[in-house]
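Take a look at these structures.
Shared between the two complexes below is chain A, which has chain B as its partner in the first and chain C in the second.
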Partner chain A sequence: MNNRVVYFLLAMLAYSPVFAELTIEITKGSDSALPISIVPFANRSGQPMPEQIARVVSNDLQRSGDFDVLPTSKMLSLPNSSSQIHYRDWRLLGQNYVLVGEVALDVPTGNYKVTYELVDVYQQKRIVGEVLSANAKGLRKLSHRISDRVYEAVTGVRGAFSTRIAYVTSKRLTKNKTEYRLQVSDSDGQNSFTLFKSHEPMLSPAWSNDAQHLAYVSFHSGRPAIYIQHIKSGQQRKVTGFRGINSSPMWSPDDSKLLMTLSKDGNAEIYSFDLASSSLTRLTNHYGIDTEASWSPDGQRVVFTSNRGGGNPQIYQMSIRDLVPERISFEGRYNARPRYSRDGKSIYYVHQAGGGFHIASMDTETLENVILTSTPLDESPSLSPNGRMIIYSTKLKGKGVLAVVSVDGGAKYFLPSDHGDVKEPAWSPFLN
Partner chain B sequence: MKSNSFKHGLAFVLSGLLLAGCESMSTVDETEDEFVSETPEEQAVNETSGAPEDAQVNAEAMAAQQAKEAAEREQAALREVRTFYFDFDQSAIKSESRAALAAHAMFLAANPALKVVLEGHCDERGTKGYNIALGESRAKSIASFLKVNGVSDAQLEVVSYGEERAAELGQTEAAWAKNRRVYIEYK
Partner chain C sequence: MTNSRSSDRVAKNKKIGLANPENRRSLVFSIILHLVMVAVLLFSWDFSESVKRIEQPASMKARVLSAAELEALRADKQQVKDAALKEKKKKSDLEAKKKRLKDEKRRKDLAKKKAAEKKKQDAAKKKALIKKKEKEQRDKKAREEKQRQQEAERKKREQEERRKALEDSKTETARSEKQLERERRLAERLAQASSSDVPIVQDANASGSGLAEISERDRFIALIRSRVESRWHIPPKSRGLKVVLRIRLLPSGERSRVEVVSSSGSKAFDTSALNAVNSIRIFPVPDDPALFDRYFRNFLQSFSPPEE
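So, the complex of A and B:
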């Protein structure tokens, strides 16, 4: 018995992620969450389990806000396959869905062979199931895949647990020295690694739609410049370093161009930069500030921030054909940094109300808007690829942290860090 | 002793009031006038130096010299002010910034080989991209003021850090006010 505990601890040490920078604190669940039970998977592999699959899946589903996961201690039985399930037990517990599974050893490869099944308690039938295999390092990824499948089987929406986030951390080393890092991690904050490190500010990471590159702004040369970095190889390319502002890069839907803000021609204007030819097309022309542009998913429209209409920032939209900006935000004195929803029908942006800055959404047709967050310094909203959640940055006890809210405002969680301030989150597209 | 320090204190308060009054009333045009009046004074000193025998003239020259030195000390003291503050979401120069900015302008105009970087900053409120542009607007307001007052474009460089480099940490109005700034860095 004692031996097994020691063995387990050693395995934990050996396989625990090198740098779990962000942890998760769920602050608010959704009222409409579906009851689901994730039964601990039986381990018949004869080897210790470096990841508890059921725990990873439970955490994924719980923080989505769409599920209410039953604690293991309340379960009346612990089945490992659909044939072992007594449906009456789970009905009694008010459960709609039960996930069961087991882990075996795949002898020829030495990998873990994981079998799982999701059953619908009321229909008394299996609705999804697979046999997957992974080595010790791949078990976490495998667990997220199960979460994705369960999520899609129940909600009809593709799960986004197997995705990544990029963000910037800053840590004051001395009064005059701050370390900035561009980080990439799994969507739950685990397995983070540093893409670029500097003692000068970095901001605005933006994922290419193929999820292979990040575009961002770095001041490491002493002046702001826009860079593109290949995530796998780490190879970095300087895109623009004009005199003045080089900011807010944003990929076109086909990854051939970047929208960006440059002030080389006088003041902050929006340009489209063609990556193959390195040619620039100017999209705005006004003495006011034009910045923070983003492409609609169909590539036909651009939405951006401008203070052209009276000095304070508001949101404008224009067709890429005629480039005539039309103001679409009218409530409040400060509306900025818009991003389109996946269907292009609404935008998510930063809205000032009652002295605080919150994340809001707006229908681009009816202009109806909803404030989704309530902390005072919320910014940089970025949508999950399935369009269900928004990650953004906020301040918690004076520290910059990432937070996630569901697009209906129902569920919310924080991703606090033990490593300085965290900001500028960008949710990756689907990875495959 | 006590009354002496009281007098000093009173004089200090009075001069402070006078200064405050001047500052709040001064405009770009007035500060320009100040520079114009400087030049004839210098010429006057040069002309009188041709007649050293005349004690009266000599004393006047000395007085003029002393006045000039005092003015220079005052200008140097004004140039100690390198950070200029702004209101939220504004890039208009505040009236209390003008005297020190005018001193920087005069110094830079007289030393065309000198170069400065104007660093624009914002408080943490609002969005980062917009704050990058706002920080530039602030730095450019300062640049325009300096150019109007004789500084050449080649001496000026503008860099905006937006909200990325806070001078003061904390989520208070006092900290935010310290962060909405342009810093003049001599190279």
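So, the complex of A and C:
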């Protein structure tokens, strides 16, 4: 009995807050990007560096839009390790984080040993540190890896700097001869190489989820056909070459199937192609055009473009189980080429507004939408694997270029082009 | 709870009888326990209200008004008894008001939720109907118009409710016109403080002496808040996260200790809040040592990203 009373009283006391305290609620943050300093890495190799690691990392972080990188000229000191850091200096400069490091060269193997540390200025402690090694050619990749680690340590979101992009370039050689290339490059547009070259157009490159293959449409045989190409070996496989339209290939989440648009049965319909058995399953059946299909990340839904609602392209979504399309875009007369975000909660698509075509995003639950880009002719959005950036093609001074914008509409930059007009970008999944 | 306990007792009475000394002891025990419970409940209730955020610093109000009352006491000692009575009444009035404010807020939230639901349903219905672009545009306009109307209606309703609540309190307690005016201003100021982060600095000195302390406190809350907000870099994908920090300051405003009281579960998010606070070496605090001790020597700060 006594025990029960004691327990009861204890329980009551536990529920009663004993102290009256002031709580200040903070529900707004600074609009500016996070201040970070990337100090040039000390070069102890005894030779000129083939790659400026700090510069690559600075560019990566600055482009993400989430960071504001301090110019080297404004730094009060140039430490190379956390022990050399005078925190007061960096606080004075208003910096939250400082990245320091150094590079040594192992002469017999030709390998560079890169040591780096990221310190939190206000907590006065190191939060990431690693020793990495790479040969001269691998230094750029190594730098992107450092960017990834820094990005994740600070934001909690995996960095996507070590990923790749695929895109199609076209360059006019003579009056009636154009060269088309399917290119693959690092996510910053560097280190590009040609996967396939032809004098006929190529379209719609799509990465397999293991990042090993690209599926795309090529006209090089004289009419459109869908191909799969292994990136490392360059080996190409023709998947379909039906009469009429063969377009918009898109991998299933497990890479076992391709969604595609075929017109072999009359007009453009969406099919699922099983890569192992080469069998086709028809998913839509309507006299309107159905095209540009994409799987949801859980493989349960398909989103696509259709003009079945009265002539204008709009976005429809259907469950893979019942295949009943439901219209989900209602704003404006043109909404097309939808793609799911990695968590399946948003759809990114092309939206016509005010005479121009822009990239927009839509919440799959509430169907609320936001326009993300402002250039006039924006096409083919593709999301970075960490869901933070969108790459798309647009026109700049009459030339096709690739642009990247952050999903919250903040940062924006253009990627350089080396072979004429650039189109149809596709951002790879994480590479490992 | 009391019912089950007394039925318990009845059951026991049947078994052993009330004459049993042990039984009598437990009866006494039970009475004491009830008294303790009541005391604890009163105690905890009083305080749980005062922990609420600044929209409803009800207990602060009580303190402040009592200070004003004390001045009145000094002026006229004969009214000691009256004042005490009045004070008691005021307290209960305040509590009633507190409750009303709370109820009102709940009502408002409910109305908002309902409106949101209604909006969602409307959108679904519309979805099915939309077929032609002209109609789309018309619908969009209508929706916007409706939203505007709803917003206007909601505002009107809120105002009406607030006015009514104040009127009720007037008839109920027949308080002086001045007090009512004071309360109205306070309610407005609180509403302002909750709707926007603009500190209510300008009219701090203009208001009555009782309010001076609250406005002084609010002023420094607003100063601290804007200082911290300007230093807080919210990490991406933070929607729905919340971290609470305890901050201890020296009377000079110098930060002495910061710790996480309740983590958001995300290290990056917790760190972003810690860094915001740690980037400020000296916080703006009042010169008045009593005010400092009461609120700013040791306080909590919660961080949650804006809802979109």
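Basically, the second predicted complex is superposed on the first by the 396 of 432 C-alpha atoms of A that agree within 3 Å, B and C clash if a C-alpha of one lies under 4 Å from a C-alpha of the other, contacts with A are read in each partner's own complex, and residues count from 1 in each chain.
The working rule: a contact is a pair of C-beta atoms (placed from the backbone, for glycine too) under 8 Å apart; a residue touches a chain by one contact, two chains touch by 3 or more.
For clarity, every value in this text was computed on a predicted model and none was experimentally measured.
Of the two partner chains placed by superposition, A:Ser279 touches none, neither chain B nor chain C.
More residues of chain A are in touch with C than with the other of chain B and chain C.
In the superposed model, A:Leu377 lies in contact with chain B only, and not with chain C. Once chain A of one complex is fitted onto chain A of the other, the partner contacts of A:Ser247 are limited to chain B, with no touch recorded for chain C. When the shared chain is aligned, chain C comes close enough to touch A:Arg327, but chain B does not. When both complexes are overlaid on chain A, the residue A:Arg223 reaches chain B alone and has no touch with chain C. Shared-chain residue A:Ile24: touches chain C; no touch with chain B. Once chain A of one complex is fitted onto chain A of the other, the partner contacts of A:Thr109 are absent, as it touches neither chain B nor chain C.
Once the two complexes are overlaid on the shared chain, A:Asn312 sits against chain B and chain C alike.
Common to the chain B and chain C contact sets on chain A are residues 312. Those residues of chain A that touch chain C in the shared complex are 1, 5, 8-9, 12-13, 15-30, 32-34, 66, 91, 94, 96, 120, 122-123, 153-157, 309-310, 312, 327, 330-331, 333, 366-367, 387-388, 408.
Across the interface of their complex, chain A is touched by residues 26, 29, 33, 36-37, 40-41, 43-44, 47-48, 50-51, 53-54, 59, 120, 123, 126-127, 130-133, 136, 140, 197, 221, 224-225, 228-237, 244, 266-269, 271, 273-276, 278-279, 295-296, 298-306 of chain C.
Contact residues on chain A toward chain B in their complex (touch as defined above): 201, 203-204, 219, 223-224, 244-245, 247-248, 261, 263, 267-268, 289, 291-292, 305, 307, 311-313, 334, 336-337, 350, 352, 357, 376-377, 379-380, 395, 398, 423-424.
Chain B contributes residues 89, 124-130, 132-134, 136-137, 140, 158-162, 164-165, 169-171 to its touches with chain A in the complex.
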